[in-house]
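Each chain gets a letter, A, B, C, D and E, in the order it is written, and its residues are counted from 1.
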């Protein structure tokens, strides 16, 4: 098999790798985009009900992925968002599609981002924002140019966790995705198959590849952050 | 069955609950105890190799739990630490015991704590420590009385994630623990059994219980942290 | 005496009843652990002290014997699974016909390389010459429980599941796939080296072949060899 | 017709009950002095919109920033604020700090060069703000506030960490700049000499406290 | 036999090349003044052990804190340090800040009450440090440093945010305290009046810079 056809063959490792990478990136991206404002809102005040909300958001972490997967199947299917899905996709469910997979992964990844980012916002406090306001930066600009860069270490930590976790997620992904080659069969599922069937040579190779890829990505993220937020003491 | 005997019955939900709670607490405790100094060491300087180390610590997150479980079995078993295990316990492996389960859970939980805590230390910076030094606090005291309380939001966030995740962990726990009633059969495994057999009434009840318990614990953690680190602006 | 038994996840229901009955009869203690057969293989190779494995297939006990983990001649078939097509959606009644029309959205099964019921489902589709045509509609779960949940939650219109999963519920429509369409799903048990001298394990192995035990297994929707 | 800055704030800050009122003609440089902890910083924060005193008002000319029904948020008030601790952004270089509040209307960059020169900031522009000396921080903070071209400038002990020579030079420059641009200024300081040099009149704290 | 504080630091701080040396008899209160950004804070940090100048030495009496082979970490030097920005711990109350550096040897609590009184900190003890006024912060920082009972006290513009009245009172108190306890002090300030009141002699920056 030539390199090119291996890339196109939906059963190949490359396809699974591509799906894993896309899923992890898209999930981390969306979860960060939702998680940052959420964390901000949670960090802004000390009402007890914000603590309640923050704790609630964490709860998906507590359920085993296959169980969370089942509840998400109910949510995405005919008894849940199915009507909406039928409207958009013509099928009565969001499950078994890349879109559905992404929704599920985002819900599972959100707690990591929110917890870590909220802590960062709480640590930096109000003061820098007040200064930005007096310099005529309205809240959005103050947030983007001051609060967010100052909280960068925490945000990046959350994103790294979410990214790594999504790459390795398997129970949830299989449950919502249905293991469709070329659509929802990601690398972790392939790895699982090889482990379950005792196909150790392939398993080690895939695991090694995943780890190497994740290592490079995380290291890059960390170094970029260092560059961005570099401060001489 | 009376309450007392239900508590003792190795097959009961209460036993599994107790094991889950103990496992989650012990794991979070040990992972925090190891993770905080590690995060501190990683945050202390900007050498590129500390970024490498920090990224390496994150890698267990990348592997699906069952696969990580497999590698941990190798580590804990006859081809790894087995000789040591045989010496201590008389069995050729640390696996399939509560101790082995704890080792595995700690390795899986460590990345959460380290990432979040390291970010917090990076955010607070050096200055408060320098002041502590000039007040004759040697490094350990300065760390415990100044750096750690200032980094509390990040540490707590890491601990909350690690705790919630350990409660819900299932792939790893099943692989390393082997589902032994009264020893390694935690709540998430019991939930899995009920889901497997389509026993939804019990499954919902257990899932609800897990979520409720975790909610209360996390909320308590957060409120305690707020109390401890309360600052008027 | 007590013995530890590893039980494939699809057999959890009957295993619990069998063990309860056995323990009442003999006073011996059987401690079951539930999980996937593949996971048990790995654990046994890494020194787990199970005395006996109730596998979901034939191949794994055979491999354990070959690799020296099992006790010679202790392997036998304790149950034969029945494959069914199940629908929880009145618009798509479970039948060969519905399969052939191919008008449904998703057909659930479990992973053929991991779970015997998945292999049987694929074999059935191949015998019916539908494998190619239905390929794009197939969604796969890790095990029969997930295939079942795909249908139960309404996300898949049809699914190949185990008859034993449906034995005490009456939702939807069921088509029992004729055994001729797929190779039999034999589930084998094997006594492991660890349990070679364990009287409770040996007794339980004998009990599995008793009339009482066979009746219980059949009542859960399995066939016997 | 003369314009007025009219301020009346009443309400608690933690345990301290404040009740201040004054009315001054604009533009000009008003010195403010008073004992440690009397509420000078709080007064400036109130005018900047960073603290909301439950009762009172704040008007500059025909603009109302606060009264019983209005409370304009800080970013909508045409103020410049030099906080007591400088309040530099730790994640931005000196230059980016200076430019943070500049709008990008034309002609602004003219002042930029001039102000950087007058405050002797040229050598610092690329530096991180984390390692600046105390006096350097204050000069950056002043420059940053001036560059927003405010209508009202609030300065909270802005030169307390500067030596006499550079302080006098900067005082002269600021005074010229503010007078020329007709920027009204409230200038808090403990240094009588400094106030004498820059302020057109001085408010002593007791004089603006409301009689009980 | 008179004791000496002998300091010589040489090396770069970023682009700034420093080379300072002086030798003074102890105990006494030495005023230090110099232009903004010349290196006063860096000098104090060097003496405190927070900055390690690659060359030079630092000796107090018969103790060597730094020379070619020695570098004592800050927590082993018997110093008190009042940093330019106060450096209060944000997570501790005023009282806990004050007590942070107190060892628990007997008799110390005597000074505690006295110092809290003299610095007028009574009303603040239970407060968080986050909301203190500028002058209040400085007084807490001074109290905290005094309570460590140092052999050498380093004060970096410690009273710059205080009004004249309280400043004079505190100056008198500190001077008495230091003289009585024989604590040698380096006192950085830009205020000549202040230096005149407290310092037994004054080092002008140029005089301690090494000739090139």
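FYI, contacts are C-beta pairs under 8 Å (C-beta built on N, C-alpha and C of every residue); 3 or more make two chains touch, one makes a residue touch a chain.
Just so you know, these numbers come straight off a predicted model, no measurement behind them.
Looking at the partners of chain A and chain C together, the chains they share are B.
Between chain B and chain E, the least number of touching-chain steps is 1.
Because chain D and chain E share one sequence, their contact can be compared position by position; here over half of the interface residue numbers appear on both sides. Chain A and chain B carry the same sequence, and matching their CA atoms takes a turn of 180 degrees, rounded to a multiple of 5. If each chain is reduced to the centroid of its CA atoms, chain A and chain E end up 50 Å from each other. Centres computed as Cα averages put chain A at a distance of 45 Å from chain D. Put simply, the C-alpha centre of chain D and that of chain E have 30 angstrom between them.
Residues of chain E found to touch two or more other chains are 14, 131.
The multi-chain contact residues of chain B, meaning those touching 2 or more other chains, are 66, 70, 150, 192, 195, 231-233. The residues of chain C that reach two or more other chains are 39, 42, 149, listed in rising order. Those residues of chain D whose C-beta lies close enough to touch chain E in the complex are 14, 33-37, 40-41, 84-85, 127, 131, 133-136, 139, 156-157, 160-167, 190-192. Within the complex formed with chain A, the residues of chain B that make contact are 46, 48, 51-52, 54-56, 58-59, 61-68, 70-71, 111-112, 115-116, 118-120, 122-126, 150-151, 153-154, 156-158, 160-161, 164-165, 167-171, 188, 191-192, 195, 203, 207, 210-211, 214-215, 218-219, 222-223, 226, 231, 233. Within the complex formed with chain B, the chain C residues making contact are 4, 9-10, 12-13, 31, 33-35, 39, 42-43, 46-50, 143, 145, 148-149, 152, 165, 169. For chain B in complex with chain C, the residues that touch the partner chain are 66, 70, 73-74, 76-78, 82, 91-93, 95-96, 174-175, 178-181, 185, 189, 192-193, 195-198.
Within the complex formed with chain A, the chain D residues making contact are 48-50, 73-75, 79-81, 83, 87, 89-91, 100-101, 103, 128, 130-131, 144, 148.
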